[in-house]
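There are two complexes below, and they share subunit A, which is joined by subunit B in the first and by subunit C in the second.
And then the complex of A and B:
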């Protein structure tokens, strides 16, 4: 492994995080719900690859386990559940948004800069090879949060929530080489249950209002 | 090597590059059409069909409307000349272009813009409604691609430490300096690829296979052209496509290009160049079959993505250097 210097390792981890951010922007720009789900699965795959790379570079075996769980839960199970939810809905794409796509993209660009300026004073004190990814992880969390505000459909809001979770996972991996295994397990279980509940809740929403627009929920009914 | 020899070598290299651009560009268009035809389960025309089309058009007599001004007849020559000049600034099979003193990567962008500007004027010149419509659409697309292209180019120039294309390609090919940082390059590559599709009128933005459709952009501006004028414009468009493909291939993956001027290195460089450009052409053909053309008002979304990607490339240069 003579070619795998720490410098190249850092760059590979950076590349993985950059790909995660790239899929984030693709999700923001995408209007078709099923394509959003596919992009989320792709992002989770990139996340698992980055985590596996960190595990390989640092020799911490429990990150391998977290990466495998990411593939199982976020690449296979949750997208299947979401696809099934979308099949039942009468919408295939998001037509009305609170903020249109070009403006959302620009705002997300600003959010990346904000994340960069927030983490800039901290980063030089880090000594881990993943420290540059912290800015990207924070940016992904912010973009996920923004997407939850900018979109009206329950399915896209759920995907945005999962994107935020991906950002948190990347941040934990970047800042501390991953949380203890028991915490990771708990988080995965939570995310899985949250996705299932939100899927059921979306179906109930569809039945009750004939729409999955969450702004309808602000109208109280007797 | 004496001074005369060096000058002769530079002239020979420039001429060789011009010949390669002129000769290969119609084949690239033919290759994309062939790939599309095969995907659609058609036999398709031969890869070399565009040469025959060009030859036919050059033999035909051009018809020029009496209402047009000098702009209409001058535009094909301006477009052809500016595209060929732009092509000579991009290293194709040798990394050090002799003309690299004449213009950097920003000059390249504005050489393309010059051709586009005159094409827009020519579209308006004949006074046909289609031409004006095509011109206004082309102006929208051009004004949205320009910032994305400039930003992605700055991202590349920052990592290479120079705006000179020959220097960028030469440094990357020899893995010198900080050019091996992949993240800004990846973002800039994605942005430049979208820009290339938009600028050369390929599928998500414009459909090159349509005539007389309300959605057309590039073809609408050419409706009044015939004979050798049309041939020049078609050839220039093919060259523009080839120059963009060379830019993408050689800025982001220049390995194999001739870094020295020995006959062996040059022939390897030429073979690798043709393989890379053909590969990209197949990719474009595949994309054209997989995606539908976007509605005109959705094009801003796509070009917004390109702009943001280029901006991110620029940001990553600062973020990831830690």
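And then the complex of A and C:
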């Protein structure tokens, strides 16, 4: 494919990373829980596409494998589990937010700048193809971290955790063309089990507290 | 010949918990579950002894084509996993059966408990022997997953809350550590090329001096914050008191004694690599600063506690802070003191939680105010609580005194590392001594009020002898003994391990 020069390749990888970041903002702005899950699935799909693109451009076959696992675990299995959890709950919307949507978006914008600032000194060392993605990956991790603090529903916190994990995976793919296969498999396994455990937990919290609002979790105090 | 022998030994380290975990799901009788558990731990310890002998003779052991790497440092951690694991297993024999007999847990949930317990041990062993930093991360995250349900095992509202908090906080913290691992890989790829062994400790140690200092600094900050959450360093500690209070006593003992130690090990491993490229003052300053803050804050929180399990939880934060100061200050004495402190703390804290478990079962409360006259109600547990309390307050005839003295000596000789912390050794030593006095007073006053006094009328008196008392007596004896005589193999091991940690 002669039209696919390295320059266009870099642009495409940057585009993929930017789409991931964009879905991050969409998740922060979204109040409906089921829409958050859909957005997470979409983000994972973008992640898989970016990974596949990197695999194609660099000719590293094991990233294809990781991309396929992403589709299986994060686009199909985990969203389905989350949907089922939400169906059982009596809430569909994030009603009370610690920080409202406009302020959240503003803070996320600042976080993106922070991420670029932190990674600026180490970016020149990276592969040419995926240099900018490292900053975007860190931005996604930070936004996930922030969402965890800003939102109260157990499900939203879980999605925020998964978003962080997506950011990390983008970082690993972008900065290093994927981690060693054994590590990547382990990470996928951990994420899957963590999501399942958190799903079970949400059900138990619902049974015990009649709510998945984590502010109700306040029986343990000093 | 030796290679084969080591492969067998390493398999005997990893297979028993795996197989015992699988078997536990099938077995229903409680006796067999305990038997499987003891056999598994026994084999694990035998394998550890064999490996440690080779490590002392050869320096390090690799197996399965460099997937497994064990040196003196990992052997020390394995020693802690084995001994505390054995103590917990013996204690569980009386503790869990009692809980089943009292109807707190359904008999058919016992095998789930054992399955998770084995997976917990397996994950910790893998984290300790893994050569790859990535595999180590995966294993440490796996410990979080295995222990969440153990912490919430009573399924009360409070335990669910503690479990959820633990799962979320530790998973998030650990995610940050994964970013650190990615950065580490990022830096080593430039030197080693695109090879899958570029995350291996053996490889990284060889090329560490050529790695880029900027990337390594950033990587270490992420790794330290991530694994520091698991250690329970202030300000990432908020999950810890809740989890320790709600977890069943043997699980709390394992969390406090072993899991924290494994997380410290992960930090030390990365530090040994980062230190070769970056000035050791950077990592040392970070460790010592967080250690000092944790130590000081936890000491004051100890004063506020009215729940004895939370008291021990804060004392864990305090002692981990102290060990971190030891490692941060570094030098031969600091590192030796830090490692020795980890060993002693593991023993003292498991002893404390065993006593707490016995008290909780008899008095049915965790409030310090409602527990009096322990010496007539539960004489053996009272003795155990007294020994654990005095040891945790670092009083002279106990081993924690020796290690705490070493750490303070190290701090007094070299002061805090790092340019921005340099103010001479005097101020940090004074802070340290003052805070340890505060902690000493806090722990001791609470424990004496529990041990002496008139017991409440509705609590039956007298303590029946059970298997669970064996580990209590042994741990007490060890804590007393280690202050005077350190067995030669253990001393050698600690010496070699701390020599490895001394920053070049």
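Criterion: the second predicted complex is superposed on the first by the 217 of 222 C-alpha atoms of A that agree within 3 Å, B and C clash if a C-alpha of one lies under 4 Å from a C-alpha of the other, contacts with A are read in each partner's own complex, and residues count from 1 in each chain.
In this text, contacts are C-beta pairs under 8 Å (C-beta built on N, C-alpha and C of every residue); 3 or more make two chains touch, one makes a residue touch a chain.
For clarity, every value in this text was computed on a predicted model and none was experimentally measured.
Chemist: Mind checking the superposed model to see whether subunit B and subunit C fit together on subunit A or clash?
Modeler: fit
Chemist: Going by the contact rule stated at the top, is it subunit B or subunit C that touches a larger number of residues on subunit A?
Modeler: It is C that touches the greater number of subunit A residues.
Chemist: With both complexes overlaid on chain A, does A:141 touch subunit B (first), subunit C (second), both or neither?
Modeler: Only subunit C is touched by A:141; subunit B is not.
Chemist: Of the two partner chains, subunit B (first) and subunit C (second), which one does A:205 touch, if any: first, second, both, or neither?
Modeler: In the superposition, A:205 contacts subunit C only.
Chemist: Contact-wise, after the overlay, does A:109 reach subunit B, subunit C, both or neither (first, second, both, neither)?
Modeler: Once the two structures are laid over each other on A, A:109 reaches subunit B alone.
Chemist: Between subunit B and subunit C, whom does A:213 touch in the aligned arrangement: first, second, both, or neither?
Modeler: Neither partner.
Chemist: Quick one: classify A:18 as touching subunit B (first), subunit C (second), both or neither.
Modeler: A:18 sits against subunit B, while subunit C stays out of touch.
Chemist: Touching A:132 in the superposition: subunit B (first), subunit C (second), both, neither?
Modeler: In the superposition, A:132 contacts subunit B only.
Chemist: Of the partners subunit B and subunit C, which touch A:123 in the superposed model: first, second, both, neither?
Modeler: first
Chemist: Looking at A:165 after the superposition, I want to know if it touches subunit B, subunit C, both of them or none. Which is it: first, second, both, neither?
Modeler: Only subunit C; A:165 stays clear of subunit B.
Chemist: For the superposed arrangement, tell me the lowest C-alpha distance between subunit B and subunit C in Å.
Modeler: Value for subunit B versus subunit C, nearest C-alpha atoms: 17 Å.
Chemist: Which subunit B residues qualify as touching subunit A in the complex?
Modeler: It comes out as residues 180-183, 186-187, 190, 300-302, 304-305, 307-309, 311-312, 315-316, 318-320, 322.
Chemist: What residues on subunit C touch subunit A, complex-wise?
Modeler: It comes out as residues 132, 134-135, 137-139, 141-142, 144-145, 148-149, 152, 155-158, 160-165, 167-168, 171-172, 175-176, 178-179, 181-183, 185-187, 189-190, 194, 196-199, 212, 214-215, 218, 241-242, 245-246, 301, 304.
Chemist: For a test of understanding, state which residues of subunit A touch subunit C in their complex under the given definition.
Modeler: 60, 118, 121-122, 125-126, 134, 138, 141, 145, 148, 154, 157, 161, 164-165, 168, 171-172, 175-177, 179-183, 186-187, 189-190, 193-194, 197-198, 201, 204-205, 208-209, 214, 217, 219-220, 222
Chemist: Inside the complex, what are the residues of subunit A that reach subunit B?
Modeler: 10-11, 14-15, 17-19, 21-22, 25-26, 29, 101-102, 105-106, 108-109, 112-113, 116, 123-124, 131-132, 135-136
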